[in-house]
Amino acid sequence: MVDAVSSMSGRAAPRRPWWLTGFGGGLVTALPVLLIGLAVMMLAPNYHQNLAATAAINLIIVVGLQVFMGNSGVAHLGHSAFVGLGAYGMAILATPVMMKRLSIPNAPLGLAQVQLHPLLAVAVSLAIVAIVAMASGRVIARLSGIAATIVSLAFLIVVHSMFLHWPALFKGNQGFFGIPQVVGLPGVLACTVAVIVVARLFRESPNGLQLRATAQNAQAADALAIDARALRRQAWLLSALICALAGVLYALLAGTISPRIFYFQQVFMTLAMLILGGMGTVTGAVAGTLILSIGLEMIRSLESGVTVAGIELPAMLGLSGVALGAVIVLCMSLRPQGICGPYELDEMLTRALRRFRGGR
Amino acid sequence: MEYLVQQLVNALAFGSEYALVALGLAVVFSIMGLVNFAHGEVIGASAYTVFLAAGLGSPAAAVVLAVLAAMVVSVALERVAFRPVRNAPTTTGLLTAFGVSIFLQNLFQLLISPRPQAFSLFNGMSTTWHLGPYAVSSLQVMEFVIAAVAMAALVLFLNRSTLGIAMRAASRDFSTVRLMGIRANRVIAAAFAISGALAGIACVFILARRGGVTPDMGFSLVLKAFVACVIGGFGSLVGAAAGGILLGFIEVGLLAALPQEMGGLKEALTYVIVTLILLYKPEGLFGARRELGDKEF
Amino acid sequence: MSALLRLEGLTVDYGPVRAVHGLDLTVAAGELVALLGPNGAGKSSTIGAITGLVSCSGKVMFDGADITRMPAEMRVERGIAASPEGRRVFANLSVAENLRLGAATRKDSTAMRADMARYLELFPVLAERYDQPAGTLSGGEQQMLAIARALMSRPKLLLLDEPSLGLAPLIVARIFDFIGRLKAEGMTVLLVEQNAAQAMRFADRVYVLATGQTSYAGPASELVGSDLMAMYLRS
């Protein structure tokens, strides 16, 4: 980013290194989240703290989605599979043996007897997810945009099917309970900030920039010897790890998980959040999640049937889905770049400041 | 031997269903570059229309209604939801369609019911026929035959009629088609109408087989149809049909080969096999390997 | 002399960029008018405005009617046909199918078949490749196909956008021979070209465009061989 003002004075300004832009930008982007989170922590009752923690976990998922979709330009519809893998990894590895003897006594590899310290379990889960992501990434990166999207969907279905139909290890539809609940809003918030910074770092890194170039014009990028496939694999891996982290946090927060959480409902919701905020930026992920989290809460209360001004409204199941669908469709036709557009928060602030100073 | 024949008929029937839906997707994609995730909801809308009109009493009328409703909904969706994003990049169209799909599925839930609704008008279609010494399901045989007839009709249309030829031209160069005096909207509406008709036919067979309507009945079918398109080579009509039939064989084959308890894994394994096929041939079985910078052809 | 085609104050903008600035142009029935100029002069934008594929302001009058707001498809029905820049034959369709689409607006199938036979006779190479995909044809063959395809609709006005583009001189000469024949048979042609020499062979009148504005407009005879030619066209 050459400083336009100083170049006008005839001297080229030193280019800011990408990791500084990424790190600083990430902190700026994370600041609103941090502030809101701190406010909730200090002022709000427990129920709201839980809501905020769940919203923050959703934010991590959306950022993970943005890392792949926003940089590669390929629609990714299977990210919840990685969330689920992270969550089930924790469930299988960190749940006390006593509980496991009840829920998954016949687990293969003697996993029913294993109980790892939560931190170790996190590391092992993420390592397993990394292996799955690297394998699946090889396939996804080879395919054209649309085929990759559909295979990402297939991936979601396969993983979900595995959760559902391998009860010996995953306990199936009934729900895996007893996961140690060692995480609260502070921990989730810290992870959220870290994830935002990491996402920004990737975006501003040479790899991230090159990947975005391939999304704009694949042929030109090819001519520059940019290895689009390798870059897409990297983005896929990073995206998977971030989503898995969200899953890990969810498991440690909620204590109980089941396969249907990590399926289409979550995909739709997080996708709508990203589209609304803007796929191209991490700021967009943050903005979209904030807006829709609040919006959906309001709609959900309508869904279960509330009394408004003395009139008892009936339960309207499906209303939140209708709203999500409408958000996506309207956004795509009216403002495809989302609310935030192509610039990150720090970039928007810099531009505004420059305009204000330059008086242009 | 009887078992083999029945499984063959099974595979052909399922394959035909996938092929019909996949063809509908491929027709729209090849002309407009739109990955129509909402196609499944055309099936759902058609099913709900017929369900709500169950007072008709006549299965034949219901069949006609199903196909007509599917065509109308398909064309209407294009007019309302997809025209604004007609010239947008592919990902935008894909996500729009996805949004429409979510919207409609939940609308069905909201307006009618989240629970399955019974529909028995087509149950009479399912009897047993005897082909020589073998007993097969009449429904499955009809499904295959009618799908084949529909596909033949489509091929004829695309090769003989001016509108069909225009559709094939539009899949490469839409604006020059307009330069021939052929209305753009007419070509697109025709594509969606054909897509809808194929979906409507598939819907009739689904209703006959399941006897019920659910809000998401089209969604999982469309996912599989997309997979069929991808195996066959996205955008290729032949590929879509072939991919659909192949998918039918893979599924039925897996179901026959897997032990009872692992039946639930049939879905997962199908997709795994599909992924392996794609690893071997990323452009699909009938797709042309296109290098960046290939000149048009 | 009533003009078949009249452009009044034609302005074409692509966002903030103005490609054509208030162009006035007429083509009378039976004339061959050449629109010359270098790259970026606005020639193709002008053709786009006439065919309707490009939006414009000003007035486009054709055959007595104001067609400025008329959609592209309807203009073909009224009698405008174009061989677009870069030929744009339908590569995945056969030669026959390309020609058939050219006649899409016609209802008289017998006369249509007669026309098709006539063009196949005129261009034997098209008859040879009748069932082959148009994408396999050479550049010159594709140009002949594009012109034949445009003629299939029996237009009153034929627009030719840079027919010589990317073709070898020998082929270009043959194509312009054919264009000369068309003119001799009474077809009204608006010809856009960078190759001024060929364009001037049969032109009645010439407009020279530079950066969207007319720098010369007048009879071709005046321009040929004069100092003006060197000045305006550098050829």
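Miscellaneous remarks
A, B and C label the chains in the order they appear, each numbered from 1.
Going forward, a contact is a pair of C-beta atoms (placed from the backbone, for glycine too) under 8 Å apart; a residue touches a chain by one contact, two chains touch by 3 or more.
Predicted model, so just to flag it, every value in this text is computed and none were measured.
Of all chains shown, the one whose average CA position lies nearest the global CA mean is B. Ranked by how far their CA centres sit from the centre of chain B, the chains are topped by C. Chain B and chain C, compared by their mean Cα positions, are separated by 43 Å.
With centres set at the average Cα position, the gap from chain A to chain B is 32 Å. Between the CA-based centres of chain A and chain C the separation comes to 54 Å, rounded to the whole angstrom. Within chain B, contacts with two or more other chains are made by no residue at all. Residues 73-75, 77, 139, 142-147, 149-151, 153-155, 157-158, 161-162, 164-166, 218-219, 222, 268, 271-272, 275, 316-322, 324-329, 331-334, 336 of chain A touch chain B in their complex. Partner chain C is touched in their complex by these residues of chain B: 162, 165-166, 168-169, 171-173, 175-184, 296-297. Chain C contributes residues 51, 53, 71-77, 82, 84, 88, 90-93, 97, 100-102, 104-105, 133, 135-136, 149, 153 to its touches with chain B in the complex.
Residue ranges of chain B in contact with chain A, taken from their complex: 35, 81, 84-85, 88, 90-96, 98-110, 114, 215, 223, 226-227, 229-230, 234, 262, 264-265, 267-268, 271-272, 274-275, 278-279, 282-284, 292-293.
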